[in-house]
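Heads up, the next two complexes both have subunit A, just with different partners, subunit B and then subunit C.
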Partner chain A sequence: MATTQEWKFTAKEIAEKPDLFLPGHRACAGCGPANALRMIMKATRGPTIVTEATGCMEVVSSIYPYTSWAVPWLHTAFETSAANASGIDAALRILKQKGKLQEHVDVIAIAGDGGTFDIGLQALSGAVERGHDFLFVLYDNEGYMNTGIQRSGGTPMGAATTTTPAGSVMPGKLQHKKPIADIMVAHNMEYVASATPYYWKDMLQKVRKGLEVEGPAFLHVFAPCPRGWRSESAKSIEYEKLAVESCVFPLYEVVNGQYTLSTPSKLISLAPQKKRPVTDYLKGQGRYRHLFNPKNKYVLDEIQRWTDERWTILLKKAEQNA
Partner chain B sequence: MSSKDKGWKEIAPAGVTPKSSVGFMTGDWKTYMPVRDLEKCTTCMMCVLYCPEGCIRWRPEMGKIEIDLSFCKGCGICANECPTKAITMKLPEKEE
Partner chain C sequence: MKTDAKQQIMAMNGDEAVAYAVKQSNVDVVAAYPITPQTIIVEKFSEYVANGEVPTQFVCTESEHSAMAASIAASATGVRAFTATASAGLALMHEMLFVASGCRVPVVMAVANRALSAPLNIHGDHSDAMAERDSGWIQIFVENAQEAYDSIIQAFRIAESKNVSLPILVGLDGFTLSHTLENVTTLVDDVAKEFVGERELPLVQTHEGKSAPFKLDPKNPMTMGPIALQNYYFEFKRQQEEGMKNALSVIEKVHAEYAELTGRSYGNGLIEKYQLDDAEFAVVCVGSTAGTLKTVVDEIRAEGIKVGLLKLRTFRPFPVQEIQKALAEVSLVAVFDKSMSFGGNGGAVFHEVRHALYDNAAHPLIVDYVYGLGGRDTNPKEFKKIFHELHQIARSKRVEKLVSYIGLRE
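The block that comes next holds the complex of A and B.
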């Protein structure tokens, strides 16, 4: 499909592109998702409508009477960002059929991990099954942050949240993260990918590819929350890099079911000695502090084991399609 | 629905937030502020891309970056990510 704007993203070009997610939003200092959305919006190719489920990024960007969105933007209930995107797509189709709209309009649905892994999953599954034309951006800060840091299906094992507090009863969350991207791949959709802003070029190319797909596309964006992770605000971007280097959050694309590793993860697969231990990523984050107490070492070991296992499975999937 | 109820065309479509947040200065949140050493800056743009507030801007006509402190929340990401360590976080000497 023809692109409206050429997409050789260079740092200068992106810097010169005006912001569509504007300053003045009320996200915490060092907010990973806020940075992610600001960058993601730089990869748009023309007229774009955004719809967003309740969550931090919706709340901080729409505090009355202010909006941080320089594009048409619709807030929707917590569970329905994909349902809303379906409605927008249907409306655009009708307008085209009636000859009232000529140009193509992109639709982006945004939700946090609570609004995607858990409460928005059925709306997302339905919208994808019906084949609506939209890009779903999941910004994964690994918890229900806006309502006080509760655990979600995206919270990793061992993380302390207000509903999985670390103490004598449990060492943080007991379950591993839900494999949301694989669940989306199982929908036989054309485009599923993982991304994180530290690797900005990779992320912007994936956003553009997702928009170019005629049908549903899904982008899983890893975005640290210094508030909920009890981490230093200056380190949000650094944790994105460490998550990829430790294979806690590998970067890949799945086009029509074919898995391919993206360059940063591909390099680790080619030089396995570069893969960092998960502790390099976990240490420094207050939500994992208790794991460094010797009595919880078994949780650290389990996180490493699970990370390695997931990485091996991913390598196999990518190899089969190499 | 009784015949007295309003039809969907008469009901307000939604709540609207009419003003751009560019009118809401978040710069008074900060404790530390970023200070640049222009000599060390290679205009690589990393701080421009990584600032969650979008308050570091590239000015092509001047060939340099500018930090709009009226939105800066003092998170320190720009200083942490600058490859040449051209940005340091400092406490303002007196009231800005």
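The block that comes next holds the complex of A and C.
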């Protein structure tokens, strides 16, 4: 990696930096992904090209003849953001090789959980294996929100979606979330990290680190969707915090396979009593409402068990590298 | 062996001829995935890359879907992009073909035409390309390896022409052309490069209101591939159709210029007429079969029967007026189709030709022959038999069977 320098993103600095993801887009009030993208674009370091998969963030930001993108931006299809990045990277390389481009241009590929965990996984895996120079930003709102809140491989167990509705015999989604970051780590990538806008400084630093990598980097951003989660618009930021504090979404970095907990999660590892029960995070979200019916307590227990297990595994990985 | 200062003869199969043309066309990005019978194209091109013979970024993608996405993205970034595929690979790209034409990126693609599953079959027919006829791609079908080479060189000029700006597919018959060795006369590198030229980008208005070349460029941010709803989508599609219409004259112009340079021509680039001027009845075909049919036409003419051939080189845009003119005097037209349009009462070429001739004052009788599916060989003897049959139909002026199958056990 080019640098391990700590980036000094101060509130003042990012407030002053012009927006590259502009206001006027059509995202819902309290949209986690829209907020995340606006901030992420503040961490760019120079000329940047963005390519995006089909999904909420594409649809709300590019309604012709309007656009929310102040950078060159390309959308081709749902499953293609990493393949697009491959083509852009190849084009930039040849332009440089032929002396037609002098400056470095960063490439950011953006996709939702569907465009990453599911339909886009093959293209992502291929692009990473080939070593294209791009940062892949997964904004994970845990469902296909754009098409009306269907389950994805990133939807957690127990969540009610329109294809895993909570019914009289089914308690929402039956499977746990796919460990996407681990899958990307298994590609021997130089940089994989998790982030969420509540911890904005941490997130921006990770974006910058991912851009600094000469090759593929992967950032998993946790971003609530009040519409799909049946949660209050004003609470999105709070859920980001609660997800980290309950270890449902721990924050960490994996640099060349070495796991390190990021400060908010590190603090919990040092003071385990601060780790909140998953119910603190789950309650209040309409998608989990049915789990608080006593007959579904077993699901809550399983979510807690699984969360603890994943957290323990993560701690071990981080310890091994300490 | 040199034929003249600007050309030389090389022994190549169709796939190699395509790869060689791409090598000479100053292509910046090639993104592709192997599939029979296209495989030799990517293999040969990889060799050029491995030996440092081409200044090209070669992206060996993990699928055809990504190959097309990467080609679109590279082209959108302002460089020249090429890919190649066949059959299942083309079908996997299907979604992205519409994206390419909709984004107006002039990607060039060779398709070594092959049957589609099921049952699985790797041999040549036109099912793959015909299934993509409405995807907004220009489609040219070639007769031999020579034409494959020549057409790829021409393709970049056509696709990149500013009033076209559409992707183009060059179809060569799987195995019949892709794997058969021929003498191919090629241009020397410099002459080919000069003919193809540099890609020029059309100027468009950016959202900042500036005029800038159409590409992803941080200096002039542009939003490409946006969502356009009921209020705009239709206009985008109408504009694409305009690009297609413009392609007709551009194909002719580029083809004529190339003919001037090389001494080789294929009719006017849209259709090629063979012994058609005084013909009583005519046959129409696409691709390598034209070569076989030219021989058959000669043999039948030797018997005193006046038959002519119309080789349809450009299938999209469909050269309606050319076809109307070329077939204005014949009393019977037989179309040879190397693909099915299930439930469509005849193959795709038949539909198109018949449709075009409806407006002719005296339309001829028209029949369709489906042949060669899954690579089934149709030899000159069989065609000869059909020609005699056609002669009878022309005489009797009675069509008993609209659609027939050649060489099929029924």
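By our rule, the second predicted complex is superposed on the first by the 315 of 322 C-alpha atoms of A that agree within 3 Å, B and C clash if a C-alpha of one lies under 4 Å from a C-alpha of the other, contacts with A are read in each partner's own complex, and residues count from 1 in each chain.
Keep this in mind: contacts are C-beta pairs under 8 Å (C-beta built on N, C-alpha and C of every residue); 3 or more make two chains touch, one makes a residue touch a chain.
No experiment lies behind these values; they were computed from the predicted model shown.
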Subunit C versus subunit B on the shared subunit A, clash or fit after superposition: clash
Which of subunit B and subunit C A:Ile183 touches, first, second, both or neither: neither
Subunit B versus subunit C as contact partner of A:Val255, first or second or both or neither: neither
Which of subunit B and subunit C A:Met170 touches, first, second, both or neither: neither
Which superposed partner A:Leu74 touches (first subunit B, second subunit C, both, neither): both
First (subunit B), second (subunit C), both or neither touched by A:Ser86: second
Subunit B versus subunit C as contact partner of A:Arg26, first or second or both or neither: first
First, second, both or neither for A:Val213, with subunit B first and subunit C second: neither
First (subunit B), second (subunit C), both or neither touched by A:Pro65: both
Partner chain in contact with A:Lys12 - subunit B first, subunit C second, else both or neither: first
Clash-bearing segment of subunit B, relative to subunit C, as chosen among 9-17, 27-35 or 63-71: 9-17
Common ground on subunit A, meaning residues reached by subunit C in one complex and by subunit B in the other: 62-65, 67, 70, 74
Subunit C-facing residues of subunit A, complex: 47-49, 51, 58-59, 62-65, 67, 69-77, 79-80, 82-88, 90-95, 97-98, 105, 122-123, 125-127, 129-130
Residues of subunit A defined as touching subunit B within the complex: 11-12, 14-16, 19, 21-32, 34-35, 38-39, 61-68, 70, 74, 197, 200, 226, 232-238
Partner subunit A, residues of subunit B touching it in the complex: 14-15, 17-26, 29-30, 44-46, 48-55, 57-58, 60, 68, 71, 73-77, 79-81, 89
Subunit A-touching residues of subunit C, taken from the complex the two chains share: 28-29, 31, 55-57, 59-63, 65-67, 69-79, 81, 95-96, 99, 103, 207, 215-229, 232
